[in-house]
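As structure tokens, here come the structures.
Two complexes come next, and they have one chain in common, subunit A, joined by subunit B in the first and subunit C in the second.
Showing the complex of A and B:
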């Protein structure tokens, strides 16, 4: 039950984009079309889950053993960057269709703060490996949900008559703020 | 403490680098180096006129598939075709240079407005409301969807009618795919005659809304000795290949016979000449002005 609650709350209540404000650059940059937004969301999901597992293992079997916890941030960045490069190569060779659909997004999220954020959050919250993986999955599902919703709204906005100075990112930021407010209503769900 | 952290970071970096370098060996995907060379030879406008997703994918297709001709790039023309043929070792067939043509003369035909349209300034949007604000539902809507789509800046709107600068047109066909009324068509630059109307209506309906439009009487169809004129989708279609093959010996019988003077000779200079004026930009700000009013 606890894990279920954690799962739901990571998607809705503590949505990584709208409640924790991590990963806002792809949120605004890749949310112009639903197809692109889905590609980005899927790539983020893939990388977050993988990176969290790897970082968890690195923390447990390298950093904790050597008492180098203070190097956490820099080591995680290093590991994530290398991991994304590796995954890209692996997909290109082994799963070309997946590479074609995720291809351009993978390098973009090498240094995404949502990826690093989830990896560090699960350490702060002292989850075990299984819970960490589930939390990473739920957080990235929340990301996927938010970015697709955003893309849907922005597609409508493209054909709406709004003042020219508000077109694009300014209206995007306002929408992100309103969506964030709307998602706060989920806070009452888990009291 | 410093030594430890430096060493362990160095170690981690070294391990990652090692994994990546081994992976790049084992997971390397072999790409034909010629693809890059061909892609560089192409104009890089990604107009899609060749029928592929972009210049890159055409380059890959022309290298890998022996059935893809090297002269597909209409934007690049014969020069690029020759270069691609040379790089791929394929024979460069002579492509008949094409040009986009607008089948509407609504200004000349005094086509009235059914209503004043205040919506989004886009042909696709205007088309959704009662088939557009013009009395003729097959006319040029004049909001310039094609102008914005044109990758080569070869079109502009004037008096609610789109104009094409033949000298800039590369016949990529982007505008043809964009126009919701299908009034744009690609024709060979050598074409002799063309119908300047795209109406699918019957004679009376056309006469009611336009002084110039084609009434589909079919006089030209009967008169053409090459049988190059047919009725396709309830509008006149000219098979330019057959027309050009027959040659000028018919004396343009179809043009002479046309009672509405809408089937006309194409001036060879029209097709080849440079645009006499700088294309006016489509006024994008106009909807902002609407809001202020």
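Showing the complex of A and C:
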């Protein structure tokens, strides 16, 4: 039951984008069209889950054993960079259809702070492996949800008359603020 | 010499991140709930950015083009680990406050963006000037945003009460929605200023700047992908 609660709250209440401010660059940059937003969100989901599991194992069986905890940041980011490269090569060779829909987004994800953020967050919260995986899944589902919603709104915004200086990023940020306000209401659902 | 000063001062107003150069939004939103946090985060970023710029510019001719991003990340990550240790030793309360956003300086696009756009092409001294200027600009922005949010959201500035005991804090400002709306309004204001200035010089400027994460180029690539997908929808590929 606790895990279920964690899952739901990671999607809605502690939404990684709207409540924890992680991954804003793709959120604002890649949300102009629903198709692109979905591709980005799905690729992020895939990478976050994989990266969190691998980083968890490395932390537990390499860094903790050798007392190299202080290398966490540098090891994690290099692992994520290598992982993204590897997944891209693997998909290209083995699953071309998936590569065609997700692969193009992969190189852009290395420096997405949501990936490193979740990997470090589960360490700070001292989750076990199962909880970490579920948390990563929930957090990235939240990301997917938020970015698709945003793209849907922004497609409408393209044909709306708004002040010239509000176009683009400023209006995107204000929309994100209003969405974040709406997501805050989910707090009542959990408490 | 004049050019060095120019490299330094452009980060302070003309290209101040994240208000004019939209870089590093995540930490900007996250740690600007008080002016103090903004200042501390800014100091950490100045350290990392200035040093990473110098180091990258020193090794810029040795790194092969294809693996340069990985090298930039490795250099930035080592510096961030150093900052983390320094903060744990000398500013532990601040380290606790900033939390996960200290290690996340690694993936702050401001570091990679400046490495890619400036330090990878320019000599060390100019890169140092650029890094310091950009870092200080970032600190000013964060402290400014933090000051606004803190004074309305909790009625204090740098921890000092501003409005007396009868003030009801507007908590919206220190929470996530307040961060988004506040930054959005500031960016819109900056845009407005840009257009107004350009108009006075007789230029018609289109303020619609994209999320100018010039370093990662992700957005430009996204637009390309979107255009391609549109094309494919219009004329389905043969076979």
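The definition used in the following text is that the second predicted complex is superposed on the first by the 191 of 191 C-alpha atoms of A that agree within 3 Å, B and C clash if a C-alpha of one lies under 4 Å from a C-alpha of the other, contacts with A are read in each partner's own complex, and residues count from 1 in each chain.
Quick note on the criterion: contacts are C-beta pairs under 8 Å (C-beta built on N, C-alpha and C of every residue); 3 or more make two chains touch, one makes a residue touch a chain.
Bear in mind that the values here come from a model prediction, so they are computed numbers and not experimental data.
Residue contacts after overlaying the shared chain place A:71 against subunit B and subunit C alike. When both complexes are overlaid on chain A, the residue A:89 reaches subunit B alone and has no touch with subunit C.
Of the two partner chains placed by the overlay, only subunit C lies in contact with A:111; subunit B stays clear of it. When the shared chain is aligned, subunit B comes close enough to touch A:79, but subunit C does not.
In the superposed model, A:156 makes contact with neither subunit B nor subunit C. Of the two partner chains, subunit C is the only one that A:22 touches; subunit B does not reach it. Set against each other, subunit B and subunit C touch different numbers of residues in subunit A, with C touching more. In the superposition on chain A, A:180 contacts subunit C only, with no contact to subunit B.
Once the two complexes are overlaid on the shared chain, A:164 sits against subunit B and subunit C alike. Residue overlap on subunit A between the subunit B contacts of one complex and the subunit C contacts of the other covers 70-71, 74, 78, 163-164. Of all residues in subunit A, only 58, 62, 66, 68, 70-71, 74-75, 78-79, 82, 85-86, 89-90, 92-94, 159, 161, 163-164 touch subunit B in the complex they form.
Those residues of subunit C that touch subunit A in the complex are listed here as 22, 25-27, 29-30, 69-70, 73-74, 77-78, 80-81, 84-85, 99-100, 103-104, 106-109, 112, 175-181, 183-185, 187-189, 191-192, 194-195, 207-211, 213, 216, 218-219, 221-223, 225-226, 229. Residue ranges on subunit A touching subunit C, taken from their complex, read 18-26, 28-30, 32-33, 35-36, 39-40, 70-74, 77-78, 81, 104-105, 108, 110-113, 116-117, 120-121, 124, 163-174, 176-178, 180-181, 184.
Those residues of subunit B lying in contact with subunit A across their complex are 4-5, 8-9, 12-13, 16-17, 19-20, 23-24, 26-29, 120, 122, 125, 285, 287-288, 290-291.
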